[in-house]
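Dropping the structures in below, format is structure tokens.
Each of the two complexes below includes chain A, the first together with chain B, the second together with chain C.
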Partner chain A sequence: MSEPTSHDEVTEPTTLAFAAASEVPEPAGGVDAVIGGQPVSERKQARRENWRLIRRRPSFIIGTLIVTVWGVCALLGDRITPHSPLDYRSTPHLSPRGDFPFGTDATGRDVLSRVMAGARDVLKIAPLAAVLGVLFGVVIGMLMGYIGGWFDLGMSRIVEAFLALPVVLIALLAITTLGSSDWVVIGVVAVLFTPVVARTVRSSVLSERSLDYVTSANLRGEKRSFIMFREILPNVMGPIIVELTVRVGYAVFTVATLSFLGAGPPPPSPDWGAQVSDGYRVLGAGIWWTTFFPAAAIASLVIAVNLIADSVQSVLEAS
Partner chain B sequence: MTITSAPATTAALSVEDLHVTYNVRGIERAVLRGVTFHVAPGEAYGLVGESGCGKSTTAYAALRYLPRNGTISSGRVLVAGDDVTAMKSSQLRSFRANRASMVYQDPGQAMNPSLRIGRQVAECFTLLGQPDKQAHESALEALKKVRIAAPESVLERYPFQLSGGMQQRVVIAMALAKDPKLLVLDEPTTGLDATVEAEVLDLVRMLRQESDAAVLLIAHNLGIIRSMCDRVGVMYAGKIVEEGPSHQVFDSPQHPYTVGLLRSLPRHGVRKTERALATIPGILPLIGTDLPTCVFVDRCPIATELCRTVEPPEVPVGNVPGRFTRCHHSDRIGDIPQEPVNVDIAMLAPVDDNPEVLELSHVSKTFRQRGKAIPALVDVELNLAEGETLGIVGESGSGKSTLAKTMLGIESLDSGGLVSLDGHGLQASTVRRSAEDKRSMQMVFQNPDSALNRAWSVRRILLRSVHKLTGIKGAEANKRVEDLAEHLRLTPRHLDLKPRQLSGGLKQRVAIARAFAGDPRIVVCDEPTSALDVSVQAAILNLLADLQSAQRTSYVFITHDMGVVRYLADRIAVMYLGRIQEIGLTDDIFKGPHHPYTEALLSAVPSVDGEITTRIRLDGEIPSPANPPSGCVFHPRCPRAIAGVCEVTEPPLVEVSFGHAMRCHIPLEELRVLQQGE
Partner chain C sequence: MRRFLLKRVASALITLWLLATIVFLIVNVLPGDVGRKILGPFAPKEEVAAFNHRLGTDRPLLAQYFTSIRRVFTLDFGNSFQSGQDVKSIIFSALFRSGKLALLAFVITIPISIAAGIFAARRQDKLADRVVVNVGLASSSIPEFVTAAVLLSIFCVHWKLGKVFANPPPGTSVIGQLEYLLVPAMAMVIAYFGYIARMTRAGVIGALQSDYARTATMKGLSDNQVMRRHILRNALGPTITVISVQIGYLFGGIIGVEKVFNYAGLGSTMLTAVGAKDIPVLQGAVLLVGIVYMLSTLAADLLIAYLNPRVRLETAR
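After this line comes the complex of A and B, so read on.
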């Protein structure tokens, strides 16, 4: 029997529902049994049920809505902005009003249009950076976990050293040296993420490596690369997907920080971080809208991505 | 130890028509479907049945300690007359603190890893209102009561510094702190070695004589229930289908399920050459399945239309009070057909002139840990004939698995030793062995969940092995996979499922099919049935015997189950601390005279037939291989050790009769006298 012996470990109510469900004894049975349609459809049903439960979670709905709104802005850009984000000129520093709901900035451009158009940069750079960072991390983490020994020891020290460095300073330095193209920003953010992802993947691979299916693969003479990427990788996809969603959130944040510090796309590009950086100097004079709206845009996207990541995580980790 | 039956008002535990459901994905699913039984004060009541039948749920429900998705939907649980199901949470708390205890399967998880034993045990007494100093003294007393050696020093240790057997003793000491009226033991010895299990069971027996606690014992091992319990209830799909005094239930079962369960065990020294083991076709219904009539009807060999329409009542058996079976046809139990012999006996009979396929000479394996040498295998000499099964037994830590891994090249053996296959020496490590050598030796692992890649479909798992081991590709390989599946009685539909969609027995079949993908000469089986229920185990053992008779495959069969090894093995090697202590034909090993260690292993097995075995008990635990004892490595635990001899020189492995060798200073004839005289 596999009922739990303790009921104190699970604290989060949403995970509990899943944990409790999975602790109920699986259908045991005789080998002579023909697995009927029932257990099979039951599994499919379970998956459908999980997906239905994710979709029902308010955090997932809200997150998806916000991301969709920014996604539409990014895709359509100046085709749907009320004014041109770059060229339109009105009176500088108009406070929010009917025709300029978010007010205007120091050069008289419409803040709403610039915030909407600014989604494009961040939605282009952040997910790419996250994907690339996770990709590097998976390869390095897999090698660390599977090969182990001196390679793992050495890489682990390097990873730790990397994590001890002040991230933003290094990124700024790299971008200043290499120039601030989109690809440089993507590359730098990806490299910054690699060690963290590698560590997560390494620990998953370590526990996978000790399972007997790996021994069995060795007994029939599989190559290392086959074992790592064909046998083990599919079994550690859960934590990798969770890591990816979390990293997208961090990437939005990091990209905004870099452009705030001046390492983003050059003006007059309507980048959120750059807008905050342009606007915050006049905050003291009571002109809050040039800072507040782009800052709120950054926050809303980071929060939305994290809401989605949370939903995915709690479901994947429970199943 | 009284045998009672009637629901006396003073019953220590009364479970009355208990229904429990688990909420799975929003649907309430029935797990217990009206369980009723009573345990008198001082009585031991056992619950048996296969996994998933509701044994543990009953145990948890008895203390109202169900998982959060579990609900008692109707029925009552009375402990010494008090209704546990009606208690408020404060009452429940005081009830659990003062009157009932539970011992779980895994003692390691029942303790706080970061607190010293002394503090944890003392806590039980503080909870009862004792001041700290007194609680500490009581803790010491409690440890003495469970016969822990050096209790003062144990108090100062942390749980991880204790062996499994010691941990379980501490947990039992804590459970007994309150002098409970009811003690629930849920598979208390399942993770332990047979020798340690015997010790723990002896302890529980002894403690029962000292206290009047009623015991509810849950175990899947029928032998344990038989040797420990006055009465037994056989559970199936959330119902007790048969109940009565344990010797009666086990000696003359009256329910088809009990009959099936008992017949699937290798008992009375039956061998694979004599008959196949009985199996119970079909699977346990899933929880929540609608079962309006007899719960066992779909798997019952003697079911009739009556069974499908009318729920069977409790049919009394004989004139024994409290003895009943829930079957319409208990008078037709004798009609249940015996399993036919389905193996070709001629092919299985050991033939002396069979060619030798595997030979191990001077095989040693030394692990290095922080510069210290740890000998895990010491000078092992073995050979294996074609079509032969060599059983390897011993406690955990004896080197059984290391031996298997070394043969297969998963671990490289020390230089100086040699593993030869068909007369040619093998490379020490698998990766350097030729494709042909890899094909010739494959392995079946203990736990199919770990052994099968859960991301792959069954077809892909088998196809890959067929391809790698035989080089066949494409349609031809696919054909071979289908043939393999058919051989292993897997249907084509199973091929497209993932391992998690299969039951434990089916998964193990897939693992066996994979091992046989390249027509191996030798298959190493590492406890292939220890994770399975007995009826499933029977099917797997039958299958292994079948495959062997068809293909002349040789098996190296590692197990701790003496019944299983007796059924399947032609020869048996007994290992202790990396050395072969005794090796010989199965009959020689079981009939004796045997090595004192073998004797101890055999006497540790609780018999489901109620045979009284002379017991010699081992003291303590298997020593660490890093510091093996001087002389004979077994001497510190050997009840027959000769002072002045055994601790000085290690006896050589000497042939005492044809094909029977052991490592012991005591002459064979003297062993014979010693072992028969008791």
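After this line comes the complex of A and C, so read on.
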């Protein structure tokens, strides 16, 4: 992937611009006017058509709306919260009422403000972890599928071994030995996502490898890296985008679970998983609002991301 | 069949070895002093050295590696940093308690989700199908601890139908234990329903469109006969695989459920170990889950090969 920046397709939305940008042929090499047997303009048209189909799906619209709401909360944080998320001046454990619609927590902090501000942690960590995991996975999966042979055999075994463990479990072990910080969580989740992504990419590359355009590139004497990243990669972009959206959903799931288990960001920060972890102990006393609202926030975000992933998947896999 | 079995067991053993290697690398990824990491920066030097010696963490890395590989195959995971107790006895009794919860969850999940999958497949793209698919998608994407916390507040606190603390006192009868375990198990049922139902649905839809299903219908079999004799036999392969994978993955989600319900299973044991940086217990628990996963996927592959001769002949070649 030498210089694919999103220089021309500015009008397209980000995820697809990513796909589109890597398909931009090298200006000098006239041979690339045709990629994968289709003229570029036709591919662009197909892409626009897919995007139009995705945009029209109700599940995509609902998912995007919810994610946007949380995105605004994450970006603006305590500039739009009714109280400060760290302000503990009011009475502890007030039930939901006029000025505290979600009630207050054990130290008198406003639950609504904390839920709104808590979007920041998860929206910072989860997408980054997913993007990194997909990036590593694409590189390794491309190499496995394209080089093949002993390398592929060995790596496939390692991938299988990784898949034998639940991500949360092995992340817990890794975070315990490495010590917790945002970057450790991002790195660990990304590394644990890599094998799954690599397996998906590998199987798509395998079905591309025997096609004529790869053979002809080989005959032209192109470099392996050129064939992998400039010829094959654009053609397997569909499954990669699907994998990316699915991974973002899993990342939100994993990061929330880790912070509930105590392996997330440190206490004062209004993280959703940590809020549930603080709140669930007093559920027995009938104080449900300190647990319910952050839990509902997690559920809404995960479902929203999965709705988006599902609509992207059903359109891209049908085409 | 024997050839297939041998091949499959050999590959499981290789995966287990790689798994132990990965876990070893994670624990030893930071060069440096295990004793220092656990005792903190202010502990005296001699104490740290003695601690390392006791754990064997002052030996060369390669020797430690061989020990840790041997341990996976002999199931001897050494002693706990914290209590000095044998790790094996700690994690096996915890696994037994988690296993009870997991078994209850699966006994409920499997029939419900397979039935829902078949139900949805027969009404493909109708309203009932969309409901099953979307409820499945939503329920399986919510983290287990979220579902567990919501169920706890509704069923155990509001309606008082279950117990807030899920540990049954010793000597409780099997039926009596249900009162404790049913609500936490429901949290896992909700989490795993979606995967299994969707997989069954996809398998049945694929089989319904096949030539053999059409032939069976044309020769006059009723819909139920076609489903039982022809479709399910072919369609359940992927479902069995998903179930076996979920048996291993369940231990990721069960940690959250056990924490919410204060249940003393493998998950709670691991969380205690995380708090105390008790790496042998943590390592043992992770490897044990890996072994459970290997065994359940092995069993699933054998079951599929038994049900479907095409699979075993293809792999044995």
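Just so we're on the same page, the second predicted complex is superposed on the first by the 264 of 319 C-alpha atoms of A that agree within 3 Å, B and C clash if a C-alpha of one lies under 4 Å from a C-alpha of the other, contacts with A are read in each partner's own complex, and residues count from 1 in each chain.
Note that contacts are C-beta pairs under 8 Å (C-beta built on N, C-alpha and C of every residue); 3 or more make two chains touch, one makes a residue touch a chain.
Being a predicted model, the structure only gives us computed values, none of them experimental.
K.L.:
Taking the superposition as given, does A:D110 touch the first partner, chain B, the second, chain C, both, or neither?
P.N.:
A:D110: touches no partner chain.
K.L.:
Could you say whether A:E243 touches chain B, chain C, both of them, or neither, answering first, second, both or neither?
P.N.:
Touch partners of A:E243: none, neither chain B nor chain C.
K.L.:
Check whether A:Y280 is in contact with chain B, with chain C, with both or with neither, and answer first, second, both or neither.
P.N.:
After superposition on chain A, A:Y280 lies in contact with chain C alone.
K.L.:
Looking at the overlay, what does A:A164 touch: chain B (first), chain C (second), both, or neither?
P.N.:
second
K.L.:
Determine, under the contact definition given at the top, whether A:E231 touches first (chain B), second (chain C), both, or neither.
P.N.:
Once the two structures are laid over each other on A, A:E231 reaches chain B alone.
K.L.:
Touching A:E49 in the superposition: chain B (first), chain C (second), both, neither?
P.N.:
Once the two structures are laid over each other on A, A:E49 reaches chain B alone.
K.L.:
Using the touch definition from the top, say if A:S216 reaches chain B (first), chain C (second), both or neither.
P.N.:
First partner only.
K.L.:
Following superposition on chain A, which residues of chain A contact chain B and also contact chain C?
P.N.:
The overlap between the chain B and chain C interfaces on chain A is empty, containing no residue.
K.L.:
Note which residues of chain A are touching chain C in the complex, please.
P.N.:
Residue list for chain A touching chain C: 59, 157-158, 160-162, 164-170, 172-174, 176-178, 249, 253, 256-257, 260-263, 273, 276-277, 280, 283-284, 286, 288, 291-292, 295, 298-299, 302-303, 305-307, 310.
K.L.:
Along chain B, where are the residues that touch chain A in the complex?
P.N.:
22-25, 29, 31, 50-52, 54-57, 60, 65-70, 104-106, 109-110, 186-187, 218, 279-284, 286-287, 299, 408, 410, 430-431, 435, 438, 441-443, 445-447, 450-456, 464-465, 468-469, 489, 491, 493-494, 497, 500-506, 508-509, 514, 518, 533, 535-536, 539-540, 543
K.L.:
If you look only at chain C, which of its residues touch chain A in the complex?
P.N.:
14-16, 18-19, 21-23, 26-27, 29-30, 37, 134, 137-138, 141-146, 149-150, 152-153, 156-157, 164, 248-253, 255-256, 259-260, 270-271, 273-275, 277, 279, 282-283, 285-286, 289-290, 293-294, 297
K.L.:
Which bits of chain A are touching chain B when the two form their complex?
P.N.:
Per the touch definition, chain A meets chain B at residues 1-7, 16-17, 20-21, 23-35, 38-40, 42-43, 45-46, 49, 211-213, 215-216, 218-222, 231, 234-235, 237.
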